[in-house]
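Below is one structure. I have some questions about it.
We just call them A, B, C, D, E and F in the order they show up, numbering each chain from 1.
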Amino acid sequence: METSVLNFLYLICIVLFIIGLKKLSHPDTAKNGNQIAALGMGIAILLTIFYPMENASNNYMWIVGGLLIGGVAGYIAAIRVKMTSMPEMVSLFNGLGGACSMLIASVEFYNLQAAGAPMMSVGVLTILFALFIGTVTFTGSIVAWGKLDGFFRDSIVLPKPQIINITLLIAIIALSGFIMAQPEMNYTLFMVLLVLSALYGIAFVMPIGGGDMPVVISLLNSFSGIAAAVAGLIYGNEVMIVGGIIVGASGTILSILMCNAMNRSLLNVIIGGFGGGGTSQGSGREAIAKEASHADTAIQLKYSNKVIIVPGYGLAVAQAQHACHDLEKSLEAEGVEVLYAIHPVAGRMPGHMNVLLAEADVPYPKLLELEDANEQFSSTDMVLVIGANDVVNPSAKEDPGSPIYGMPILEVEKAKTVIVLKRSMNPGYAGIENPLFYGEKTKMLFGDAKASLSKLKSEVANA
Amino acid sequence: MNTIIDFIINNIEMMYILTFAVFLGMEVISKVPTVLHTPLMSGANAVSGVVIIGAIILIKNANSDDYLILTVGMLGIALANVNVIGGFAVTNRMLEMFKKKKK
Amino acid sequence: MKIGIIKETSDNRVAIVPELAKKLQDEGNELIAEKDCGILALFTNEAYEAVGVRLTSRKEVLESADILPTILPLDKADLKQLKKDAILISSYQPYFSTAKVEEAANHQLTVFSMDMIPRITIAQAMDVLSSMASIAGYKAVIDAAYHLPKYFPMLTTAAGSIPPAKVLVMGAGVAGLQAVATAKRLGSVVQAFDTRAAAKEEVESLGAKFVEVEGAKDDRAAGGYAVEQTEEYKQRQLQKIFEEAVKSDVIITTAQLRGKPAPKLITEAMVKEMKPGSVIVDIASSTGGNCELTEDGKTVVKYGVTIIGNSELAAEVPNHASQLFGKNVHNFLKIFLKKGVVELNMENEILKSSCIAQKGQLLYKK
Amino acid sequence: MKIGIIKETSDNRVAIVPELAKKLQDEGNELIAEKDCGILALFTNEAYEAVGVRLTSRKEVLESADILPTILPLDKADLKQLKKDAILISSYQPYFSTAKVEEAANHQLTVFSMDMIPRITIAQAMDVLSSMASIAGYKAVIDAAYHLPKYFPMLTTAAGSIPPAKVLVMGAGVAGLQAVATAKRLGSVVQAFDTRAAAKEEVESLGAKFVEVEGAKDDRAAGGYAVEQTEEYKQRQLQKIFEEAVKSDVIITTAQLRGKPAPKLITEAMVKEMKPGSVIVDIASSTGGNCELTEDGKTVVKYGVTIIGNSELAAEVPNHASQLFGKNVHNFLKIFLKKGVVELNMENEILKSSCIAQKGQLLYKK
Amino acid sequence: METSVLNFLYLICIVLFIIGLKKLSHPDTAKNGNQIAALGMGIAILLTIFYPMENASNNYMWIVGGLLIGGVAGYIAAIRVKMTSMPEMVSLFNGLGGACSMLIASVEFYNLQAAGAPMMSVGVLTILFALFIGTVTFTGSIVAWGKLDGFFRDSIVLPKPQIINITLLIAIIALSGFIMAQPEMNYTLFMVLLVLSALYGIAFVMPIGGGDMPVVISLLNSFSGIAAAVAGLIYGNEVMIVGGIIVGASGTILSILMCNAMNRSLLNVIIGGFGGGGTSQGSGREAIAKEASHADTAIQLKYSNKVIIVPGYGLAVAQAQHACHDLEKSLEAEGVEVLYAIHPVAGRMPGHMNVLLAEADVPYPKLLELEDANEQFSSTDMVLVIGANDVVNPSAKEDPGSPIYGMPILEVEKAKTVIVLKRSMNPGYAGIENPLFYGEKTKMLFGDAKASLSKLKSEVANA
Amino acid sequence: MNTIIDFIINNIEMMYILTFAVFLGMEVISKVPTVLHTPLMSGANAVSGVVIIGAIILIKNANSDDYLILTVGMLGIALANVNVIGGFAVTNRMLEMFKKKKK
């Protein structure tokens, strides 16, 4: 009965976790959700520390010590980290969580040994599993972190990763069985298992392309959830079990969602990973144009103050003038200032863009001439280049060899970010490469301009 | 094998709880907009730090003179707490950007 | 009944087009037409004969027709030749061309003036003002663009860019709105204003800007027609117009006051201030014009501004204009011409208000 | 350098507008202009003087100018008076008006023909063909609408409805595309065709329909210019055109072949079959026209079809046309006129291809 | 252990319920979801019947008998009922479910009495609660059914319903307390409680306007869920408990969602109900224009074969031409044939509609003239009247007294359904009432045309 | 009162299950499009017929000669089964319209 009161209190924490996660999945409530989840965690920790436990020699000092060290370290890390390298950080944290399960498992195995409990019990099995999954999470996350951090390069490709992984996995299962088959505990074997698991974690993540790391992290995250749950089973501790499972489940779903967003399957990512990064975009390789996702572009648009649209022949070909105007309007509704920069020779006839935008009823005052536009870019958060190419080709400024050298262009690169909407990397009328597409600040949003624009519009509505 | 079956049978309520937890985990975040993937991941990751409870229990049960276990346990707590505190803090920062600018 | 078709003396349109002639015959009437009546509107004599209309001399048509629809009122010479109690159908603008009407009356003729038909929903099908006005509104813009030494839409080219032409439309009735729509289509920046309260919404419903002048007197009771405005309103209006006019490249005026001379909206002073090369198209010219310098039926250049005074712009689109006019006439005839027999029921609101002379006496109040 | 501005003898445009004149002076040149040079383009003498241009007699301008940009080539009389080694800039269409060029050469003049500038992206800023063509394309539609006895857009009224006018554009170059855009704006149903492969996409990018004729020879190498087509292609093309032409109310032809007479796309037979009242605007008239019955510079009515042959339609929008032309000239001068000093570097691709005569000898291959 | 195996099997049924409900909430999977849930139920029933139960005298005959009778009756009813009166049917079914809990409670109370169990026990409390909620569901549903069926008219308004309800509630609670306070069971009191509950059910539903019945039904449905759960508590039967609770919860949420859809609060509906129908639209009153919801209109549009759009001056005022064209396109994408019927005098100038539609690039062939349109309406599933009024006013045909009598109009009523988009019931240019709006087939979709149209478009995408 | 508390404490797992069930019930149907409100309601209603299980148990436990209870129980089964069978059948019919027409 004692514990069931504790468990009842734990139930509250769990509810807080659930509500927290739920809120985390809506932009408006996300922040609040995070705090609620944190609250839940805080309560759970305090409960565990102070809820009387029979024949326990509390050792509060050690506990508090651990909490302090970890807490301070974690907080500083979290505050210091650059916005851009947060994913790595998450991965690292996640790994540490895994490490903790690993440690717990090791200790408990040790304890069982001391207590000389019967082998072949669910208890042992649980412990072994906790060890395995904890360790994999640990090493796997570390590798993922390293990859994102540029520590390891994708170029490090293991020979025949599939083989390696399969063999490791088999070995691990076999060994676990063997350990349980032993008359009594055998710590060396246990350690071997640990090492094998560690290797597996590395071998699992190493071959996957840097571009897919987010998915992998989310996957490892669900692992660490499961690890926590299993560790919970060891103590029959509700909050660990349920909390862990929930994270495990949501983590898995999240990974799948992420894959869908890149429209690939989870399997494809992992296998593709085994295959060595596969087609995963932006997998660190150089001089590859970065690809943007609709959703992220949408959110950036929505939260920027000033956006300039650069229409080109592609807008005309896609007949996307109305879609473009719609997006413009919904952004304006969000309080974003939207302008158009019209290059004199955009399109295939003088005034081509004028005709289109007039048709879509874009108010004339929104149209900027070349010179004005080039002045305004520097104060612009985002430039949408819609089916334009030659007219934004920097080589007209920089490369005296270029056939269009000397032509005045729209210097979009002055802006903070540039998103280019076109169907491929094909050149435009002048038939020449466009360095802009590979630029630091540039991201490509491939696909028919009209389609992309309407996607963006709806995403802006959701986000 | 049948040890496991027994286990299940004896902890039938636990099975219910687990099943539901799985469903909840999946339901609760379905329909999350792409832009929230990373923050959500990070938040969930922080929650997975719940393993810290285990480490605490571990220490509470340990004999006050068994320094090996105590240290290991403390290390465990420390690591897990990095996950917890750091996790929530980072998530919080990620979500800063969602504070809608006033116009 | 015998329905006559004559060649308009000073207009390209023709009152009845072959297609319609056929319908009328099928309804039990006989049709005779003056030779070449439709030529200018691109309806050949063959076309008329093809549907069984007999082509003959103007004289015969005039002498034998029971019903004679014409675009413009007939002049003395013709009237003489008409049968007694022949029915004339045309647009007389009785408030202005009183003389013409009286003559007709003197000849004991029954005269219907299509422009007197009330502007009610049900009467739209026979509303020549509407049908002709909508063509005029369109044509006014085309003419303006034709005469303007500038480019209408905005144009950004490698050789610098051209701002869109500014068009100001005065009077947003049927013609005005049509002008707004057409100018907008051509990519110019369009402003319009009017005294009717409803006009604002109507103008904006075409995506154009409405120029507000406070304190307009509105009178829906006047069957959608505008009413004379107070003096100080006119002042404020003139002031406002002045500001807008000098900025405009093209001004199209359609402001009318039923039965009164058209309001003077553009003074000589304004024209002086306007950009050289600008164009004014004054559709209200026949009732005096909205611009002081307008000369009805002429295109003049004053202070470098081209002023086109033309209330019959529809005549410059003779082919379609004739079609619409004919359809109007047909719908009008349907009221009292059933199976080739005339039954004039003067109780009918439309007949009552459009019949300006019957058996000799004038029926409309000056 | 001394840059001269003269009043065109047979054109409303002026080569240099006041605004530009100012720029040129600021760049260290002296400008003198013939009196009234800009009047027809709505640029007053005052405007020129205001920016410090000296107005004088035509004679003085001709005799003293080092650089003389003109819209149309000068005629004999004027050439005589020019200084030796003066630089002439104009559009000579050297392949056609050979005589004119030779004369100029004989006077030891350096002659640049702006229409010879290559059609490359970088040269667009000085591409008079483009700038003038885009105005011409627009104006062609306006003229057509002005002369067409019909209503352009679709119109549904209580008095029946009017179908939209059918417009066929032949040759979808700069002028052609502009015509397509303008006709589309006016609400007509537009079709266009062209031999260039790229043209289809370009036409459709304006929301108009492209008329397919299989088996066209395309040659991008020709710098975007079209090439002569095979005989049997021409046959198939004529057939296709025939079908479309008879359905059309308006035909606008802009088909050109660099250095060759314009392809004949509309035969007399076709015109006979077309609806009376239809309008043909032939922008290619100066190089022989795309229609057999076209008379360059004239508006004629044949078989009831109005045929407007005019390659200088831009001249009918003199104000803006002059602005663009001037800007083109300016961008062109920038190549070799730095701080008021001329440095002709004939290596420069643009100069090379546009200089048709230097110090007496002709430089372009017939 | 025995039972826990059963419970384990029950768990499967529950999972099936959950999956079923989940799938039920997506158009594509709904049908399948329904079947899955049904499967779950089937399994649960069979399990219960055949799973051995100690010292049970099974009485299979009785069970099967009951199943047969109920099954056949239910099936026939379900097949016979007209599409239009399905809601009533649902309500009726729901009531029967409630009745069942009522009976169970009665019997179990009786049994306890026999067994002479201790009063003041959770057991008793549970039973009483089961009785109460079951009965309320029963009578309430019957009333709701009657209302929808036109049995009871809204006009039957109880005096001061609030008061009545409150008093009943208090009485019920008091009595329950009293019953438990009794030394031993008292069946008469129990019966009184039953009656009171029945009355409460009636008093609760009776005052609520017919328009709000769907919400009420869904609410009662969640009651019956709870009833089932409570009954489940009596037997400690997992599947009943969990299944019941889930229905209870989802039912509540659903009611709330329904209210949002009519943008009103649940409370407002009930209180408003107490107030007597409140502003609830279409509450059976005559000559009230029926209001349509965006979602339902969207789904109808999507699943019809031919739609004709009738634009009017309102389209122009709202500048909704592009929105309209967009909707048209997305419908065409769904394989719906969309045409426009242009009335000669629609708008405020000849060709007003032409100008707008041309601007939005609606292909000319899609525009029908008056005559052609009037021929086509009869073969049309749905007509969207967008800001048109006079031009679709039937009195021009029917009422010789009307000022527009004799004007040819678009005879939209020939079509299967007519949806009118306008902002209010205000008349148009001619300033006269329009009988169309009150017509059999007509529904009004109020709001600015542009807003409505874009809502429709997105709904079409979702549905 | 404290009987209730005891009850809760003694059935703590049950509490977990109930809580989760509530969450699931809410989650599972959130985001349902308006057009599915009625079918979903009807489906849920059919599920609520699960009370039939109770009636069945009731009869199974009843002495085979206690006709009163047996009849009442049978009535209960019948009623509940109308709810179950009818409910699912009706829902099925409602959902017919969602079969997308082929084009």
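Assume contacts are C-beta pairs under 8 Å (C-beta built on N, C-alpha and C of every residue); 3 or more make two chains touch, one makes a residue touch a chain.
Quick caveat, the model's predicted, so the values are computed rather than measured.
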Fewest hops from chain A to chain C - one hop per pair of touching chains: 1
Maximum centroid distance from chain C, chain identifier (CA atoms): B
Between the pairs A-B and D-E, the one where more C-beta pairs touch: A-B
Same-residue or different-residue interface between chain C and chain D, half as cut-off: same
Taking each chain's C-alpha mean as its centre, the one farthest from chain F: D
Cα-centroid distance, chain C relative to chain F, in whole angstrom: 75
Centroid distance [mean C-alpha coordinates] between chain F and chain A, Å: 41
Sequence positions of chain B contacting 2 or more other chains: 14, 16-17, 21, 23-24, 27-28, 31
For chain A, residues that touch 2 or more chains besides their own: 18, 22, 238, 242, 344-345, 350-351, 355, 358-359, 361
Multi-chain contact sites of chain C, meaning residues that touch two or more partners: 124-125, 130-131, 134, 153, 155, 157-160, 185, 187, 207
Interface residues, chain C side, partner chain A - complex: 153-161, 164, 187, 189, 207
In the complex with chain A, residue positions of chain D that touch it: 120-122, 124-125, 130-131, 134, 137, 174, 177-178, 181, 185, 198, 201-202, 204-207
Contact set on chain E toward chain B in their complex: 1, 4-5, 7-8, 11, 14-15, 18, 22, 238, 242
Interface residues, chain E side, partner chain F - complex: 17-18, 20-22, 24-28, 30-31, 33-35, 37-38, 40-41, 44-45, 48-49, 53, 56-59, 62-63, 65-67, 69-71, 73-75, 77-79, 81, 83, 86-87, 89-90, 93-94, 96-97, 99-101, 103-104, 106-108, 110-111, 120-122, 125, 214, 217-218, 221-222, 224-225, 227-228, 231-232, 234-235, 237-254, 257-258, 261, 293-296, 298-299, 303, 305, 335, 459, 462-463
Touch list for chain E against partner chain D, complex: 342-346, 350-351, 353-355, 358, 361, 364, 367, 369
